[in-house]
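Note sheet for the following structure.
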Amino acid sequence: MVGVANVSRIEQQSTLHGTEELVINMGPQHPSTHGVLRVILKLDGETVNDLDCDIGYLHRGTEKIGENINYTMFIPYTDRLDYIAAPSNNLAWVTAVEKFFDWEIPMRAQYIRSMVGELSRIASHLLWLATHALDIGAMTVFLWCFREREMVLDLFETAFGGRLTVNAFRLGGLHEDVPDKFLQLTQEFADIFPSRVDDYETLLTNNRIWLQRTRDVGIISAEDAMDLGLTGPIIRGSGVKWDLRRAKPYAAYPYLDFVVPIGENGDIYDRYLVRIEELRQSIYIIQQCLEQLPGGPVSCKTPRTIKPPEGEIYHSIENPKGEFGFYIVSDGTTTPYRVRIRPPSFINLGGLKKLCVGQLVADVVAIIGSIDIVLGECDR
Amino acid sequence: MVTLLIILGKVLVGFGGLLLLAAYMTWMERRVFALVQVRVGPNRVGPSGLLQPIADGIKLMFKETIIPAQADKVIYVLAPAVTLIPALAAFAVVPFGDSVTVLGQKVDLVLADVNVGILYIFAMAGIGVYGIVLGSWASNSKYPLIGGLRSAAQLISYELSLGMSLLGVVMISGTLSLKGIVEGQAGMPYIVLQPLGFLLFVICMLAETNRAPFDLPEAESELTGGFHTEYSSMHFAVYSIAEYCSMITLSAVGATFFLGGWRGPLLPPVLWFLIKVLAFMFFFMWLRASTPRLRYDQLMGFGWKVLLPLSIVNVILTAAAVVFIG
Amino acid sequence: MEFTRGIQKFFLWDIVKGMSATLRHMFKKPVTLQYPTERWEPPERFRGFLGLTRDFKTGEELCIGCLNCEKACPVDCITIVTAGKGREMYAKEFYIDYMRCMYCGLCTEACPTTPKSIVHTHQYETPGYFRDDLVYEKERLYDVWEKEVNYTGPRPWGKLFGLRNQEADTRPEPEAPAETAPAE
């Protein structure tokens, strides 16, 4: 009862002095909410007492569109979900639809899919690092990261013709084999990229201000993270070794060697380290893919019209931001009966309140950055 | 008559030069940032973008002045000027060159040789924050409010250490006049005698001028621009000019106190002074490009728990040295 | 070890290292491409504006009016009015609404003719002042192709159309994609 008495006294005092909560609308137009996220912050001074996320500003009804067009036509729409790493979404969709059939996807296609998936992971993590660092005030890393991201986008363009909305994969494999130039440029990129990661790390990893801003801020324990259903680098930063590339291998991942990095404390710094390590692991995977890349066709024989049997399927892959899944209900026609997207950003954003309450305004920005959301996929 | 003309000329050259330099600092900052970030920077207007500040100025002049409906209009309009004027006025006591002979008269290249120059500079720097606080308060908006509060707190905590860091030099030279301090550095610049003082001064100066990594009042990523969120057109331009002016002024103070002011071999004194100030400015930009931003509480902690004790230690050590060594 | 770390920390070693890294980058060549004056060459497979192709020898329109592209388009930006019957069939009118087109490339993949009668060209600068300007009718779609014929960079279809080509010639002819393989 002592506690209650204290609380009421504090309340009394605060009414006496006329202090009140400051409600701030952070977003939807705000430099650090990474899109059109609106966060309603209730502040006591600069401390966050409570917060509420308002999403839906980028809702385009992608799931409903998916019910009205056929399975191939939906591939370009998946580009628009997590537009930072479009090929990963394509991969999730095509592997989900392929689960309806017993097609044997040629190994060359599988390897190329893995390779492009890792490239998109690099593209996504680079954009994350760029904007996260910018949120914390390190402006130079921003453009350094974009320099390399541009190289990755050039690679996509060489291979598939599109930069941002790549439309990379088709049901049953690839549309056509990637050009030799793509493989050669990827090799060049894989050779120079690790040194570029070192550059970013020189500016951030040991920098005392970066450490002060990120260490012991936005901590989430492994249990909480699991309860909230967080996935991707966040849960790995909390020390849970959960990576769908290992847990439920798809594409060529069963044949590839890589380490799933995990953190210890579950703070922003650990998430940062996990993602930085993932950048290096991705390059390692790409190099393996280039070495082991088998010859042969890139697509299996698929029927002219794709009509999956009646039934339902859930398939998810490890997107750069977490578990990205498709739940498809087929009624045996050319269009799905229902498409449901499991977007990692949306579910990871659910942890925002847990992470932010009690922290300062400046930390909210850093935490949103460390969750790595993209609103295209969150609002769908 | 001649004296009056000379004073007028000095004022025009001094303040005009300062404002022009401040405008060109925006260009320099953008170019330095571009270099660090492996891009080109402004290069379209004039040769290597040299006319860019003028183009920016013209553009901002023709922009509509937006005053929020809830704002306190008089203060809202006046606040930028309140920031700019002290920033300019503080420059008055900084000697930017040796004395020259104009029209048969010996002219000191300093706008006003005040014998308590340092106190005057601190007074002016202290007033400067009023502009920010008033502007943010008058905007009647939440982000500027937080920015203004941060700015006030930051200034109070860092002004103290700033003064302390210069105290060492004052003790060695035995004068408060900036002209006297420059004369005292004929043999060697005080940076040799006061390395810690110099370091402390640079850090405090960054905080005092709201530069990265201490640019919390602006804190673009959190506060969407901080105190000048609501400002537009020339009012905004005046704020940014004021920021650069105070940077230049404090750089000039730093150059005068620690690097020997306008003293230097071969080149004319005014040029030496300019080089030293530009070196300071370049360092600011370079540092801004290299570091993240501190958090508000960390900034205050750093100011009170690290800088202030260190500057006191510096003062005590200097005092001991002055007393025992002479 | 702890001692050296302490010393390093006192002398702001981490900041100094970061600043030296930024200093090193100051002397690197900018990566900026100054767009209107410098131009980037789109890669071979670049998906630019769609164009309708002609046979390079006879100048005949290749489109057979099969409506496959219209059906394959996820955003319904293609509208075709056909005329004639059987082997005589051709597209009398052909509209592409570029306000809708998302450059996904599914129409070119669906095209059954060899060489393709609808292709992505390498043009990417075709804005319009009016909305109507962006609905391309048949003549303008063939004009797009006329421009593409004069394009000198590498092209995937160069060999098929007998056009001068720099790199793409070495590649074998791509097989017809699986989805459009005739099943009937």
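Order of writing sets the labels: A, B and C. Residues in every chain begin at 1.
One rule holds for everything that comes next: a contact is a pair of C-beta atoms (placed from the backbone, for glycine too) under 8 Å apart; a residue touches a chain by one contact, two chains touch by 3 or more.
Here the structure is a predicted model, which means the values were calculated and not measured.
Of all the chains shown, the one with its CA centroid nearest the global CA centroid is A. Across A-B and A-C, the chain pair carrying more C-beta contacts is A-C.
Centres computed as Cα averages put chain B at a distance of 52 Å from chain C. A straight line joining the Cα centres of chain A and chain B is 43 Å long. Centre-to-centre separation of chain A and chain C, using mean CA positions: 27 Å.
Residue positions 15, 18, 21-22, 25, 31 of chain C are each in touch with at least two other chains. For chain A, residues that reach two or more other chains under the stated contact definition are 140, 144, 147, 203, 207. The set of chain B residues touching two or more other chains comprises 36-39, 289-291. Partner chain B is touched in their complex by these residues of chain C: 15, 18-19, 21-23, 25-26, 28-32, 34. Residues 33, 36-39, 142-143, 146, 212-213, 215, 219-224, 288-298 of chain B are the ones that touch chain A when the two sit in their complex. Residues of chain B touching chain C in their complex: 32, 34-40, 286-287, 289-291.
Within the complex, the chain A residues that touch chain C are 69, 72-77, 79, 140, 144, 147, 150, 154, 157-162, 165, 167, 170-173, 175-177, 179, 181, 199, 202-203, 206-208, 299-304.
Against chain B, the residues of chain A that register as touching in their complex are 22, 24, 30-32, 46, 133-140, 142-144, 147, 203-204, 207, 209-210, 212-213, 360-365.
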